[in-house]
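Two complexes are shown next, each including subunit A; its partner changes from subunit B in the first to subunit C in the second.
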Partner chain A sequence: MYTRRDRMFIAFLVVPSFILLGAVVLYPFIYNLILSFGNMNLTRIRDWQIIGIRQYVKILTEPMQPGFYDIFFKTIIWTVVNVVFHVTLGVFLALLLNQKVRGKSIYRTLLIIPWAIPQYIVALTWRGMFNYEYGAINLILTKYLSLPAVEWLKSPTEAFIACILTNIWLGFPFMMVVALGALQSIPQELYEAADIDGATWYHKLTKVTIPLIRPVMVPAITLGMIWTFNSLNIIWLVTNTGEPSDKTHILVSFVYKAAFNFYNFSQAAALSIFIFLILLTFSLIFMRRSKATEAAY
Partner chain B sequence: MRLVAFAACVTVALGIAGCGPGTDDAHRVVIWHQMRPDERDVLQRQIDRYMSTHPGVTVVQVYKETETLRSGYIIGSIAGQGPDMVYGPSDPIGVYEATKTIRPMEDLFTRDYLADFDSSGQVWYKGHLYMLADKIGNHLALVYNKKYVARPPTTDRELITLCQQIQNRYGYTAGRPNVYGLAWNYTEPFFFIPFFTGFGGWIFGPDGVTPTLDTPAMIQALRYVRDLRDVYKIIPGESDYEIADALFKDGKTAMLINGDWSWAGYREKGMDIGVAPLPLIVETGRWCAPMTSPKGYSINVNVPPAKMALVLDVLKYLLSEQNQLETTRALNTAPTRRSVYQNPDVRNDEILMNSLLQIQRGRPMPVVPEMRAIWDAMRPSYQAVMGGTERPEQAAKDMQSLAERKIRDMME
Partner chain C sequence: MTVRSKRTALLGRFLTHAVLLLFVVFSLFPVWQVVNISLRPGNQLLSTSLELIPTGATFENYVRLFTEADFLRWLWNSTFVSLVVTVTGVVFASMAGYGFSRFRFAGRNIGLLSLLTTQMFPATMLLLPMYIMLIKLGLINSYLGVVIVYSATALPFCIWTMKGYYDTIPVSLEEAARIDGCTHFSAFYRVILPLAAPALVITALFSFMAAWSEYLVAAQILQDTRLWTLPLGLKSFESSMSTEWGMYGAGSLVVMVPVVLLFLALSRWLVSGLTLGSVKG
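Entry: the complex of A and B
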């Protein structure tokens, strides 16, 4: 039983965290919510007013450049493709590294490098590599693979693919490290028992490995989804702020542009609320469906 | 009980650290700018000299990327913070004025003091002086490598012929010229303006705020720039600022369209360069006219009256004749003080004289907030034309409608 004095002490220890969270999470969130119902833009930055749900209606019904639904669709593609590749590549490489391989630590270090390099350096390096005439990618395609050069950064689709390729390269090490940790925690006896039962490689993967790494991978995938959905740097830097023609934006990059390039703060706030609702819904459904919180054993 | 008190103190301290206002140091002057490294070096030398003669005063320069500078300054200033002075080109003055983040400066200077400044170095907007510049221009011109070009072209036809001659002289590898005739950043509409004006176009109508982008001049200019790449094949297939700059530095393009901010860097690299005004478009008989704008200092609206004398002293020092001359010698930029032009070093500088000729042929960049909408409306369609996904006629229409919508959004 806690005494009144203990409870007071606990409360005072917790209060700073609450104040900090309130200042850096709750207050900005509520302010953003209020802003999304207002008309704060360049000309009304000091005397903005509440105008109701007009920003939301405008986003959903009025044509924008680029259109909201286009950006939303691109964001879904961006997130799903990236995370699928991150997880597939990450788990595949983790399975390889979990074997008895010579020079395992060297491979592991090399594979973690993309994750260790600052994102903006990765993005700008890849941007240079995607140059039509002088970039390494086209030089490899034309010189060594006898394929035609691709105009990576000039056309919207190719530019978007370029961003995805960069982000895949950047993101798989995280999943690999998580999966490797999960694999190493699986008791060897389970595989030995499976061997005795005559299980094939495929059976061991689907009946032992995947179920046992799931509790670790599901939160990692959820985080990966949220991070990728909210990943501004790669799109912003590889395509130089959404080029060409603002056709490579995902939701967060467009929010950033709306707020800090167009000074349309209320529109950006309304878009941010959409992003929040999408991610909240996804996280709740994904966590519930995947039963991530249930024990594996 | 002591622990409870400690926790309470931590709470209060964290609260103060997290939410409290920044310190207002009466002897510390902060300047935000978007200067390149060589400009920063010159500024730092000047700041160091000031601080050595003013013990107890600290002047700090902080670099920020152009967009970050603008948005960060506006947000900081609205929150009652931000630097004491903000330095940059004049185009965001309209935005700063609309957000009431800079203060009028006409009450801070005497007429005699301002009389020595060229009128283009004083940015007046809506009847108030909002910027005092130390450089004028910030403009594009034709930079050429004397290794390839003996005499710069004066017309667009001469330019095309010269480029083709150079490309043929140095041959091709895998269908690509070993040395391109010309390069520039053709992803940014700022670099497109000289062609637009060369065909008789301008971004605003007579009232200075109504976009005039859907015009025959725009269509012709878009077609012309695209043809330079696809028909005359004298510019690279893809070229942003970094690529164009690197090609010129590596000797892989004979000529470059770039701004006065870049020329000193090429000379420092040991390149033998010349600067010439952009050519005349023979078809229209008009010069390609780049936008020009002064670069200078504005004062944050939040500078307290008690600190204004110090800020003003620093500003006057930075704008002094001696410092402008030093900047001009180091960076080849055009000064704003008339007296500096009497100096033989300035009068005999070939690059600077050609630069001044280009400024005379240029058009001042409007400082109205609508300018932002123009750039944002031009960029997507201009890039689409260069990317081959839109026709010039449609691009002109799209630019106009987008500019109108963005201005409407901005003003609603």
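Entry: the complex of A and C
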């Protein structure tokens, strides 16, 4: 179908990227897979051996500190709570901005700012704000709301909540902007028709708005879930590598710790594979259910 | 319109503004914190007041940032790494995206799917093998390592964005150019590429930010303080919280203002790129 020259041109376009991606994505992936069946750690970096699926069995059955299932459970909570807040706040604000509001573009710009700031700065700044004595959060709680100060960073639950708050702040603008784009593409006539039929705002929301922004929101939510599940910066930097005593980890931050602080390379590799499989399964199910893949091809 | 419905409309508008303002305060609060801290004089770094501008505000921290700390070196290192990643991203993504958009070749669907799959890789999955490989090659403490990892993380998204944008440009444009005697390459380079400028800008911005704002990879690969990029430098201020908190504020502001402005200017395009890439494919 293509001539020789066509084929040369296609190769010229695509081959360089494939080589690059093969070298930096495919090769590490395969190496990671092999590593996960081995026993490499800091003392055995050159003379490690393949030991089969022992790393996987160990993760699932041996009690470790903190336990795999605890971390897994916490990761689920982390992902669900964050994404639920991102989507609700995002859609809510988008609905407000989609009316005739004076200063709409200024509001929009100011509300995007959390998304625009580099994540590590967000994390370090919020960590400072959660400081017990001098942090702004406790100052507001005690001075303006007459509530007791909270030891945000010293106990596991509070530290985890602190991370979630930070991440909610960081993530709602993305959903807001996506939802706003989707809302603007809804034809106004539909609302006029609904008005004529005497629909209340609630009916308009559930029967017109939500069904029509769904096709855009579903891929965005899937992406948001994956990003949140995989988000390392906030947990790692807000809790300063998982303080107190590694009790605030989600899966990815625990893998990072296992790899680069404990140097259990093979264990970390096995955990990485777990995370990848979880996300792959989730996305396949979610995308198939919502039939969003039909639009993607 | 009756008086009553006018009144509810007015109330509705008032509530809308009130809620929006509340969220604007929420969004800007941490930014204000950074500004505030950066302006505090040395003896008030650990203050418990919540004044809008600290008493005795001074630019002392900014001066110290450039004179006492290695900030200029970090700035240079970060700029260098980010620019290399940007060029890599733009060149490879603009070509590969075009290939995926215009031609049907063996491996196309697998290629596109595998680009999506990379989004599900946890960071450690690429970082750990690379890290071990770099140790074995003796390449720890080299920019080559970070540039490779950053390009690898940014490229899949960039290719998708470019492909999505090329898809919206009619094929008839190239056909016309070909009839006029253009080669494949010059039809691409002279006709299509200029039209894809918005997507190129997004690709450039995204690759730049991927490198400019990255901490966790750099922390493992760049251990020599002379090679530090901005994130590593700013984190080092924070680690010694009590002493350098003011310089942290000043440094963060200098680092984030340009990227935030750039981001805001381009945000409209960024989102259309995202939705084009993910929805219409």
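As a working rule, the second predicted complex is superposed on the first by the 283 of 297 C-alpha atoms of A that agree within 3 Å, B and C clash if a C-alpha of one lies under 4 Å from a C-alpha of the other, contacts with A are read in each partner's own complex, and residues count from 1 in each chain.
Following the convention adopted for this analysis, a residue touches a chain if its C-beta (ideal position, glycine included) is under 8 Å from a C-beta of that chain, and two chains touch if they have at least 3 such contacts.
Predicted model, so just to flag it, every value in this text is computed and none were measured.
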item: Clash-or-fit label for the pair subunit B, subunit C on subunit A; value: clash
item: Which superposed partner A:Leu13 touches (first subunit B, second subunit C, both, neither); value: both
item: Partner chain in contact with A:Ile45 - subunit B first, subunit C second, else both or neither; value: both
item: More subunit A residues in contact - subunit B or subunit C; value: C
item: Touched partner set for A:Asn98, first subunit B, second subunit C, both or neither; value: neither
item: Touched partner set for A:Lys247, first subunit B, second subunit C, both or neither; value: first
item: Partner chain(s) touched by A:Leu153 [first = subunit B, second = subunit C, both, neither]; value: first
item: Which superposed partner A:Tyr263 touches (first subunit B, second subunit C, both, neither); value: first
item: Which superposed partner A:Tyr134 touches (first subunit B, second subunit C, both, neither); value: both
item: Clash-bearing segment of subunit C relative to subunit B, given 3-11, 111-119, 129-137 or 165-173; value: 129-137
item: Shared subunit A contacts, counted only where both subunit B and subunit C touch the same residue; value: 9, 12-13, 16, 20, 24, 45, 128, 133-134, 259-260
item: Residues of subunit B defined as touching subunit A within the complex; value: 3-4, 7-8, 10-11, 14-15, 18-19, 67-68, 71, 74, 78, 95, 98-100, 174, 176, 187, 236-238, 240, 242-243, 369, 372, 376, 379-381, 383-384, 386-390, 402, 405-406, 409-412
item: List of subunit A residues in touch with subunit C within their complex; value: 2, 5-7, 9-10, 12-14, 16-18, 20-21, 24-29, 31-32, 35, 40, 45, 89, 93, 96-97, 99, 101, 107, 109-122, 124-129, 133-134, 136, 139-140, 143, 169, 173, 177-178, 181, 215-216, 219-220, 223, 226, 230, 232-233, 236-237, 251-252, 255-256, 259-260, 265, 268-269, 271-273, 275-276, 279-280, 283, 292, 295-297
item: Subunit B partner contacts - residues on subunit A that touch it in the complex; value: 8-9, 12-13, 15-16, 19-20, 23-24, 39, 41-43, 45-46, 65, 128, 131-134, 142, 151, 153-156, 240, 243-247, 259-264, 267
item: Of subunit C, residues touching subunit A in the complex; value: 13, 16-17, 19-20, 23-24, 26-31, 33-34, 37, 46-48, 50, 92-93, 95-96, 98-100, 103, 105, 111, 114-115, 117-133, 135, 148-149, 151-152, 155-156, 159, 184-185, 209, 212-216, 220, 231, 234-235, 238, 241, 245, 248, 252, 255-256, 259-260, 263-264, 267, 271-272, 274-275, 278-281
